[in-house]
Amino acid sequence: MRRPLSNHTEQVLEQWQGYIGLILQGAVVTIEITIMGCIVALIAAFIAGLGRLSRFWLVRWMATAYIEFFRGTSIFVQLFWAYFVLPLLGVPLSPLQAGVIALGLNIGAYGAEVVRGAIKSIPREQYEACTALNLTRFQEMRHVILPQAVVRMLPTFGNNSIELLKGTAVVSLISLSDMTFQAQVVRAQTGSTAVPFLTILLLYFLFSSTISTVIKRLERHLSRGLDGTGT
Amino acid sequence: MEWDWEFSIQILPQLWEGVKVTIQATILGTMIAMTLGLLLAIARRSANEWISRPVGVFAELIRGTPLLVQLYFLFYVLPDLGLLLSPLTAGVLGLGLHYSTYTAEVYRTGIDAIPKGQWEASKATNLSANQTWTHIIIPQAIPPMIPALANYFVAMFKETPLLAAITVLELMNQARSVANYHYKYVEPMTMVGLFFLAVSVPSVILLRKLEARFAPSNS
Amino acid sequence: MKKTMKHLIVAIVLGVSLTGATGMPVLAADLEQLKEQGFARIAIANEPPWTMVTTGGEVSGAAPDLARAVLKKLGVNDVVASVSEYGAMIPGVQARRFDMVAAGLFIKPERCKAVLFSQPDLCDAESFMIKAGNPLNLKSFADVASSGAKIGVVGGGTEEKLAIEAGVDRANIVVVPDPQSGAKLLQDGRIDVYALPVLSISDLLKKAKDPSLAMFAPVENTPIFCAGVAFRKQDSALRNAYDVALAAMKASGEFAAIVEPYGYSADAAMQQTRENLCGGPN
C-alpha cells in the first residue's frame, strides 16, 4: 500500500508538473518556428543561390545584395528591425511572422552560398554530357545537376538548420512564447534559475542532435545510385 | 515614412557609447575564443580518454545550444552558486566560450592537415610534446586557418547585440533605450542595422584578401 | 526523387499558408469595425497588478479587466492582448499594431502629444524596492543621483525618465529585461534600488517572500501618476465613445468594483482629469 505523499510535497510536484508542461509548450513553438523558418530559408537559398549563377547581371546583383545584406547583420538586429520598424513603415507583422521571416531570410542567405558552391562543384563532364544528350537547361538542372548537388548541400544545410534552431531563442525577446521565453516565465514564477535553463539546454541539444541524425540519414538515402564521388 | 535627421544626429553620442562597449566586448570575446579554442582542440586530441571524451561532450553541448540561453545561465544561475559576474564579464565569457567551440573545429582541421611525417619527425628528433606543439605543429597549422578564424571574429562582432539581454549597454541596448525614451523606433533601429552593415560588408572584402594571402589554394 | 519533390511542395505550401494564417492584423480602429470583428487588440505589459498574463495565457490585471468591461458596454465582446515594452506601445498604437493601449500607461504631457488618452482610470504613487533597512537611505530620485547608486527601471517606463531628470548617471540606470527580473537583480546586488509604482512593488515583494527586500513609499518629490487607455490621434471617435462608457461605469460603481480589488483607489481616478494631467486639452 503506497504511503500518500504529504500535502505540501504533492502541491510542489503538481506545480512543477505545470511548469514542465509550460516548457514543453514552448518546445512545440520552438519546433514550429524552426520548421517554418527552414522552409523559408530553403526557398530563399535556392532562389538566391541559383540567382547568383544567372546569366543576367541584374539577377546576380540582386542575389548578391540580398546575401550580403542578411549576412551582414545578426538575427537579433534583423528580428528587432522587422518587429519594431516594419510596422511603422506600413508592414505590420505579428511576432511569429517577424520571427519566421527574419530567421528564414537570414539562414537562407547562408544557404544560398551553399547552393551556389554545390552546383559549381559538379564536374564539367556532367554538363558536357547533358549538352551531348541535347537536354534543355531546365532538364539538365532538374535531372542531372540538382540531384547530385543536393547531396553535397546536405551536411552544411544540416548545420544551417541547427543554427536556425539556436536562432529561435532570440524570438523570446519579442515576447514570442518559445522554449526560452517559457523558461524565463518559469524562472520568474519560481525563483529557480538552474532547473528551467538546464531543462531547455538539454532539449535544445536533443533537437540539434536529432537534426544531425536526420540529415545523415537523408544523405545516405539520397546518395544511393550516385557515383559517390562527392566530398 | 519621415526620417527625422535632427533626431538621428541628436542620438549619435549615446549610440556611440554603445559602440565602444560593442567593440570592447568583441575584442575580449575574441581573445577568449581564440585561446580557449586552441586548448579545446589540443585536449580533444589527447590520448587520455578521461580528457578527450568529457571535453568533446562539453564542446558539443555548447555548440548545439543557443548562445542566448548560455548567457542567461552565466548571468542568472552563477550568482545562485556564489559567483556574481558583471554583465560585461558574463557576456564576454559567454561569447568567448560559445565561439571557442567553433574555433576549436577550425584548429582541428588545421592540425589534422599537418602531414603525419611532421609528427614522426618530431618523435624521431626527440622533441617533447610541448616542443612539438609550439615549434612544429602550431606554426604550420595556424596560417591557413587565419581566414576561417577571422570569419568568426566578424561573427562574434555581429552577435554582440545578444548581450543586451543581460543588460550590457552595448549598441543595441543603447538604441532601445533611446527609442523607449523618445517613442521613436525607426531611426535608432535602422542606424544600428546600418552600423553593422557598414562594418560587415567591408570586412567581407578584407576576409577575401586574407584568404588570398594565407590560403590561396582554397579558392 | 518524385516522391521527395511532392513532399517538398506540400511542405512549402503548408509553410507559406501557416505563416499567412498566423493572422495579418486587421487595420481597424473604428468602433463599428471593432464590433463587427468581435474583438479589440490591446497592448499590455506583464506587470501585476496593472496587467498580468497567467501561465495558461489568460490576460488579467486591472487595466485589461477594465478595458474588457468598458468595451463590452460598447458592444465589443472580447480583447486580444499582446505583451509589449512600454516604450513600444505608443509607436505600436500609432502604427495600428494594436487598437489601444490598456497597460496602465501613465498620462503625461509629452505622451499626450503623441496619442489620445481616455479619462484617468488607475492611479498610483512611485516607490522603491530596496534591501531591508534601506542601507543607502534612498528616499527620492535625487538621493539615487547623489549617492551614485544603481537603479533598475523597466524599459520605456516613467521611472526611467524621472531618474534621468533627477540627474542619475545613465551608466547607473539598468534597464530591467522584465518586471520580475528587477527583484532578482536587486537580490543579486546588481542594482541597489528598483523603482516601480507602489502596487507593482507590493506585488513583487509578496511573490518574492524574501525578508531581505523591502519597499520605501512614496518616493519624495514625485507626483501621483494616473494612467489612461491610449488611442491613435486619428481615433478620436473611438476615444470619446470609450470615455462615455467609462464615465457611466464610474457613476454606477462598476468601475470601483473592478479596480478596488486590485488595490487601486477609485476615488483618486475619479477626482483627476485628463486635461489636468496633460496640461491642456487632448
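We just call them A, B and C in the order they show up, numbering each chain from 1.
In this section, a contact is a pair of C-beta atoms (placed from the backbone, for glycine too) under 8 Å apart; a residue touches a chain by one contact, two chains touch by 3 or more.
Everything numeric in this text was worked out from a predicted model, so none of it was measured.
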Which two chains share the largest set of C-beta contact pairs: A-B
Maximum centroid distance from chain C, chain identifier (CA atoms): B
Length of the line joining the C-alpha centres of chain A and chain B, rounded to whole Å: 21
Between chain C and chain B, distance of the C-alpha-averaged centres to the nearest whole Å: 37
For chain B, residues contacting two or more additional chains: 76, 165, 179, 185
Touching two or more other chains - residue numbers and ranges from chain C: 88, 91, 184
Residues within chain A bordering two or more other chains: 84, 88, 184
Residue numbers on chain B that touch chain A, as the complex places them: 1, 60-61, 64-70, 72-73, 76-77, 80, 158-159, 161-162, 164-165, 172, 179, 185-186, 189-190, 192-193, 196-197, 200-201, 204
Touching residues (chain side chain B, partner chain C) in the complex: 14, 76, 79, 84, 87, 165, 167, 169, 173, 176-177, 179-181, 183-185
Chain A partner contacts - residues on chain C that touch it in the complex: 1, 4, 11-12, 15-16, 18-19, 22-25, 27, 55, 57, 82-84, 88, 91-92, 94-97, 178, 180-181, 184, 208
Residues of chain A defined as touching chain B within the complex: 68-69, 71-74, 76-78, 80-81, 84-85, 88-90, 162, 166-170, 172-173, 180, 183-184, 187, 193-194, 197, 200-201, 204-205, 208-209
Of chain C, residues touching chain B in the complex: 85-88, 90-91, 111, 114, 155-156, 160-161, 164, 170-171, 174-177, 184-185, 188-190
